[in-house]
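Across the two complexes that follow, chain A remains constant while its partner is chain B and subsequently chain C.
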Partner chain A sequence: MAIPLDLITGALSFLFTLLIFSYVIGDNPLFRIGVYIFVGVSAGYIAAIAFWQVLMPRLVTPLMNGNLFMVVPLLFAVLILMKVSPNLASLARFAMAFIVGVGAAVTIAGAVTGTLIPQVMGTINAFDLNLAAARGIPVMEVIFNGVFILAGTIFSLAYFHFGARPKADGTMQRLSLIELAAWIGRIFIGITLGAVFAGVFSAALTAFIERIHSLIQFIGTFM
Partner chain B sequence: MGGQDNAAPIASDTPDWLSSSGQNNVAPVSSDTPDWLQGLEAQTPSAPAAQTPEPQKNDAELGDVPSWLKAAAPQSSIYQDLSVAAPESSAQPSDSNWLSSLDASVTAKPTPAPLPVDSGLGEGTDNLFTDMPDWLSSANETPPIAPSTPEEASEPALETGQLPAWVQAMRPVEAVVSGSAPTTSQAESRGALAGLQSVLPAAPNYAPTSKPKPYSLKLQASSEQLSQAALLEQIIAAETSPVSIASFSPLGASRALRWILASVFFAMAFVVLFTRTQIFSLPVDIPLEVGSALQVVQSIPEGAPVLVAFDYDAARAGEMEAAAAPVFDQTLLLRHPRLALISTHEIGAMLGEKFITGQLLADHSYQREKQFVNLGYLPGGQMGIRAFAQNPSATTPFDVSFNKVWESNILKGVNSFSQFAAFIIVTDNADSARAWIEQTTFARGAMPILVISSAQSAPMIQPYYASQQISGLVSGLHGGAIFEQNNAGRPGTARAYWDAYSIGMLLAMAFMLGGGLWSFFIGARERAAAREANS
Partner chain C sequence: MRVITAVIAIAAGFLILGGYFFPMLAPVQTLLLNWAIILAGVATLVGIFNLITVHTDKIRRREKGSAYSALLVIGLVAALLFGMALRPEHEIMRVMLNGIIIPAEAALMGLLTISLLYAAIRLLRRRADLMGIIFLVTAALLLLGSATLPFGNMPVLGTLVRPWTTQVLAIGGARGILIGVALGSLTTGLRVLFGADRPYGGN
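Up next, the complex of A and B:
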């Protein structure tokens, strides 16, 4: 009698779900067993992925096909591997400098062209009535949304403006206008953090419900 | 008492070489003395003839004194001394040793002879030595009384503070301090020698030319520098002073509270999901971002290539699949796109393939290498994304099975990133969505981007929809439920979870509100008790 694969996977899923849920009663060996198995399996799987989906198709196979350009990443990989030895760790500096430099350049360029400028333009275009009409948004709603977004952006930025001047008694204080804007910005930031917390709780609750649902389905297969 | 008398004992005790020289008392002195010393003797201001014996006579008397000592000692002193001691020396002719004779002369003469008063060059020098400290000058004032009896002579001849003549003779010669020694006898008024008179100066002709420049010990600092220094001291003092760690009283019922909350949520979820209640209706209103997502799905051409990035962890798979299932169900059902799966997470591609071929979308029977390809893991983070956007086929030439996917029917005609009909990002991380949006800006052209996100990352992705960088956004179970409403209720996952989700959210709100009120009243009661205690 062959055991269905779905039954095995369902049983394993049921078992490990209970192991993790046992944390409700506190840290215990069952919870630790589940965590250790997850960590071990994840590490093994990632190592296999790194070999079969990175090294083999992107380095070994091209080298075997005579692509001598792949000698450069191979050399870099060997140099970075030298970091395991304290005496040879300095050999990895060139490769690390190359990676860090290229990574920083790509990240900064992407942030400027992909986030900074478009977000500023988006804040400005919040009052674009033509664009709102194209989206089917009423004019008053466009104006309200635009004012709200603009105010939230300015006041939130004002909250992070920490420039201050010394008073007669030696204490430092921001300008009154900046202080007021920062106080309003704190309200916007508080609302934003509240929304983020609600999102985190919503995501966790959905995951919890999905696990309970899977347990019920697994039990239902025997009923 | 001539030289002959003193020469006889010397000759008897001295060796032949010395006795032979001693037979001629006068001549050997001059002959033994080197020329330079003779010249020096000639220049040395000798004592006047009235006060000092004749040189030849004294030479004869000093026959016991070695010639080197004669040369070292000033003649005036030695001759003066010996002139006084001459009678005693003559009384002891048997003492042939020069040192014995010297000792005898010292013991026989307890008081030093008066210092000769020289004129001219030696006057200043003598004044220097005559101006002695009190203890020494008092000794000089003692009248030189010659012992009259042998008993007196046997008494200690050298008293405290008295210098024998030969010691005085060893004092610096006149040539060293000739003419430069100060003649003043004023006492030192400062320094370690304060109170002493006739102290030798530090150097000849030395005298302070000017008063030492006074230097202020007060720190030259401005008021601003002093204030900054005071501020620095405050900072250092604050760093070094111990800071009491604010202690928070642990929740006494935290363990019980955790058990209660867990029990309530477990019971609620089990009951609601097991009974499959449908108390709460699905949301009806369609937000703009979800409405735009619906338009994106409906605008995908039939059978067009669509790139899908699965960038979420396995822990979020339940939520992500619940949110993405209605979108993919409608897309696959209506447009039958050719899918290319990719991920910047190591396990994302596996989760994506599980989702496409899983139970939720089982009705569409999508299979790898037939309806979709799995490009697998894309390494390099943002650099990898940018490289893929620039040249997809060169960055990921193979799929997870080492097949050259860009020559297959699924990706036929796709040579660049912008040739995909749409790009769907399924992620639980706002940073991942931001990386895809940022690094593909230059390459995607007019290609629509649809983001399916977790509820926790939706607030950070929302601005990209407001700036029209993405075409639609479906976030969390709420977004999936809305999309499911517009997909004829398929696949029904959101509906199955919706009641438990709604009750769970209500319970959370109730617990938070009740806990906040409870904390407020507890705090108010404690403050009131504290006020009463203070009053």
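Up next, the complex of A and C:
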């Protein structure tokens, strides 16, 4: 009689959850077995995904269909594979230069259109009284909140301003105005990181409860 | 070689950036991005090959922990062979995904609860300064405010303190951090595009 795949999946899930959770009693061989197998299987799975869902449809199939534009990435791919050999690894620089160039351009575009403009617009829109009126929020509340958001943004940025002038004794010091702004910025950054910590902790706690629930559920199927 | 690598990086970068401003360069931008995705896939395979090499070397030298390395290599080769032969959508691959990868990831994420709690306690014991106290008090207030207690939400924490902290104070700080990160990324990207930094080994 064939064992149902769902049962195998459930048993593996149960086993690996227990192996990983054994870390609660400290670093031990069971935890290491779980982690090493997890890393190995994940790497193999990623390799299969990279081949079937990236290389096959984007490189191999177009090449087989006679798309000559794909000869260039094929050449670069061969150059990257040279990294495997210590003697030929320097040839991979050409492909790496291409990847770095593309990455730099994408980073610039992402930073400007994905972060700088939306965040600056968000700070400006915090004072949008028309939008507040449309949502039925009191004007004073909008201005009060907007001032705090603007102050948080400016003071947090000031914290990362490291321009300094040399003092008479040779040590470097920031301007006292920047120093004050940076001190207030620290408070905003502390609050922000506290909020991030609370969010990550909540997410981790949710995952922990879900795993405990799955362990109980798996045991429950045999009772 | 130094000049050629710099020319490749700068040309690729400017053509991609040009695609955002000039519509006639958009097809070139799409083509170059497609090439970059292919090369990222190949680089992933090279990285995984390197992982196999490192661990097979450990096994060959019988270093400490080589038994774990053997498990890693067996798991990797099995997943790779099944994945290549059967494709990632196959039922056996789904068993690997749902039985090993996702539960292990979720369990590691769950373990983070204990690690974070331990780190918070250590922070309070070792660095009880203004920054540490603000950090921990904010985290504690937000966690209490988001908790659903037997009698319902916390009256002031859940309805006033938590929303105002997350939507006003934390937003202000986060905007400063995000704008700072974006400015840093922009500067780094521009340095690469103008050839001042050559992380691909062209110096």
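Rule of thumb we're sticking to: the second predicted complex is superposed on the first by the 208 of 223 C-alpha atoms of A that agree within 3 Å, B and C clash if a C-alpha of one lies under 4 Å from a C-alpha of the other, contacts with A are read in each partner's own complex, and residues count from 1 in each chain.
Just so it is clear, a contact is a pair of C-beta atoms (placed from the backbone, for glycine too) under 8 Å apart; a residue touches a chain by one contact, two chains touch by 3 or more.
On a predicted model such as this, the values are computed, not experimentally measured, just so you know.
Participant: Determine, under the contact definition given at the top, whether A:G185 touches first (chain B), second (chain C), both, or neither.
Facilitator: Touch status of A:G185: second partner only.
Participant: Once the structures are superposed on A, label A:M121 by its partner contacts, choosing first (chain B), second (chain C), both or neither.
Facilitator: In the superposition, A:M121 contacts chain B only.
Participant: Should A:L88 be classified as contacting the first partner (chain B), the second (chain C), both, or neither?
Facilitator: neither
Participant: Classify the contacts of A:H213 with the two partner chains as first (chain B alone), second (chain C alone), both, or neither.
Facilitator: In the superposition, A:H213 touches chain B alone.
Participant: For A:A43, select first, second, both or neither according to whether it touches chain B, chain C, the two together, or no partner.
Facilitator: second
Participant: Quick check for you: in the superposed arrangement, does A:R135 touch first (chain B), second (chain C), both or neither?
Facilitator: first
Participant: Check whether chain B or chain C contacts more residues of chain A in the superposed model.
Facilitator: C
Participant: With the two structures laid over each other on chain A, which partner does A:V24 touch: chain B (first), chain C (second), both, or neither?
Facilitator: A:V24 contacts both chain B and chain C.
Participant: Once the complexes are superposed, what residues of chain A are shared between the chain B interface and the chain C interface?
Facilitator: 24, 42, 45-46, 49-50, 52-54, 58, 102-103, 106-107, 110-111, 113-115, 119, 122-123, 149, 192, 195-196, 198-203, 205, 207-212, 214.
Participant: Residue numbers of chain C touching chain A in their complex, please.
Facilitator: It is residues 1, 4-6, 8-17, 20, 31-46, 48-51, 65, 68-69, 71-84, 87-88, 91, 93-114, 116-117, 120, 130-132, 134-139, 142-143, 146, 164-183, 185-186, 188-190, 192-193, 198-202 of chain C that touch chain A.
Participant: Give the list of chain B residues in touch with chain A in this complex.
Facilitator: By the definition above, chain B touches chain A via 255, 258-259, 262, 265-266, 269-270, 273-274, 288, 315-316, 318-319, 321-322, 346-347, 349-350, 376-377, 379, 381-383, 386, 397-398, 400, 402, 428, 434-435, 437-439, 441-442, 454-460, 463-464, 466-469, 475-478, 496-497, 500-501, 504-505, 508.
Participant: Using the touch definition up top, name the residues of chain A that touch chain C in the complex.
Facilitator: 5, 8-13, 16-17, 19-21, 23-24, 32-55, 58-59, 69, 72-73, 76-77, 80-81, 83-84, 90, 93-116, 119-120, 122-123, 145, 148-157, 159-160, 185-205, 207-212, 214
Participant: In the complex, go through chain A and note every residue touching chain B.
Facilitator: Touching chain B: residues 24-26, 42, 45-46, 49-50, 52-54, 56-58, 61, 102-103, 106-107, 110-111, 113-115, 118-119, 121-123, 125-126, 135, 137, 149, 192, 195-196, 198-203, 205-214, 216 of chain A.
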